[in-house]
Amino acid sequence: MSRILVFGGARSGKSSYAEKLALQSGKRVVYIATAQAGDEEMQARIALHRQQRPANWITVEQNLALADAIRQHATPHTLVLVDCLTVWLSNLLFSEQRDYPEVGKLNPPDSFSQQRAQFLQVLQEVTSDVVLVSNEVGMGIVPQGAVSRWFVDEAGRLNQAVAAACDRVFLVAAGLPLALKG
Amino acid sequence: MSRILVFGGARSGKSSYAEKLALQSGKRVVYIATAQAGDEEMQARIALHRQQRPANWITVEQNLALADAIRQHATPHTLVLVDCLTVWLSNLLFSEQRDYPEVGKLNPPDSFSQQRAQFLQVLQEVTSDVVLVSNEVGMGIVPQGAVSRWFVDEAGRLNQAVAAACDRVFLVAAGLPLALKG
Amino acid sequence: MSRILVFGGARSGKSSYAEKLALQSGKRVVYIATAQAGDEEMQARIALHRQQRPANWITVEQNLALADAIRQHATPHTLVLVDCLTVWLSNLLFSEQRDYPEVGKLNPPDSFSQQRAQFLQVLQEVTSDVVLVSNEVGMGIVPQGAVSRWFVDEAGRLNQAVAAACDRVFLVAAGLPLALKG
């Protein structure tokens, strides 16, 4: 089985490219959506994405327990597509207000550390193909809020860890993939 | 004729690289500037850019009707250089305050949709070489305002559509071009 | 001797990659840290970075006079690693409040122009290997404040000038280096 990371900026075409890779595999596709339909804007974005996916794909919504969702749906004949890791990270970091780090300490909440460890573990063990979509969020100006900087840091750390665990890594920009690994 | 997209971040050297490609073509260059000299800062930026261009280039200022401007100046012996698409997008999206999308709907104004369609059509038909400069704006943290997110979305969509229509695409960073296509 | 620029977004793995290049050189490493431990968050970041570096590296803290620091420590058997240029730029641009540019003029303060010229001069003359770490900050949405735009502009200009002076340039994303030059 192969593990592929597809990452890029907002509206870079990363999801479309990941979906193309999933289709080309010829396998049964389980699509794990990490977004929560909170407000109206997010509902519209999710609905638009869903319309654009093939009808025979199995869609699973899982906002937090990503490792469990992957393990549950992984088989040798399946490709698990996760879209996207950055939204999952955001869900984990901001789901428990009490776990906000004190400025200057920069520690993620325990729940996130555990979920991240479990996810990276599953990525090593999984028997299906996995395609993971993530965002590049660190190439703009350093954000003014400490919480935003903390999020950028954790997103970058997660991308590094996932890229290290994957066989192939693509950076997508203007709809065009650039192979960084594999 | 060839169609080339040169995109990159702010002060990445994308304009300089596009101008170098234009010079190398040996053709008559028509430079279409999309920026409007609104405030003093923008005037200074435009004046600086103009000083740096060859004196024999023909400069055309066109903030909105880009398709018409390209069609009007395109000949087989001409290279049309457009700098830049992101500013043109901004002009179109924000020129009509009443057309602001409601948050959650994310629809661009009709005037923009029409101009975009005409521009992409011209790009297919044009008989001159075309070099297009655009910005990558989606690799930072997701902006907090809905209108900013909407702009980032439309800029990313435009870059994808233009890259698909071009023969060659370069991402420029630190003044160095990276071929993504062609 | 070789001059290498390693740049990338926040938490892209650029520092780790630069440190790997320094280790592989087999030379004596002088690490020039440009960050100032202003607030608690910055102190934590600096302490974390320091823990991760080999114990036998010589650490020099120099926030402003970078050219002098490089010249002082450069020998044919030394590799000078500077981490990072963006923080140095920030120190120079914002160290003298009175030198803030008027909006629309966009001129950096004289002290910065001098330091930059001296740094680029040293980069031409230096007899040691040099590895320079810098940030890509221009691929997000254009920031709203004029001072932020000015910083993005100067950071982009600096990266272009340094990339032009270096023999090898790497863009790092998700921990993976992409050779743009050399």
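All chains are identified by letter, namely A, B and C, in their written order; residue positions are counted from 1 within each chain.
Quick note on the criterion: a residue touches a chain if its C-beta (ideal position, glycine included) is under 8 Å from a C-beta of that chain, and two chains touch if they have at least 3 such contacts.
Here's who's who by UniProt: A, B, C = Bifunctional adenosylcobalamin biosynthesis protein.
This structure is a prediction, so every number in the text was calculated from the model and none was measured.
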item: Cα-superposition angle relating the copies chain C and chain B, to nearest 5°; value: 120
item: Interface numbering overlap (same over half, different under half) for chain A and chain B; value: different
item: Geometric centre distance via CA averages, chain B-chain A, whole Å; value: 31
item: Chain C residues counted as touching two or more neighbouring chains; value: 9, 136-141, 152, 178
item: Of chain C, residues touching chain A in the complex; value: 8-13, 39-41, 43-45, 135-141, 143, 148, 151-152, 173-176, 178
item: Of all residues in chain A, those that touch chain C in their complex; value: 5, 7, 9, 103-106, 134, 136-142, 146, 149, 152-157, 159-160, 162-164, 169, 171, 178, 180-181
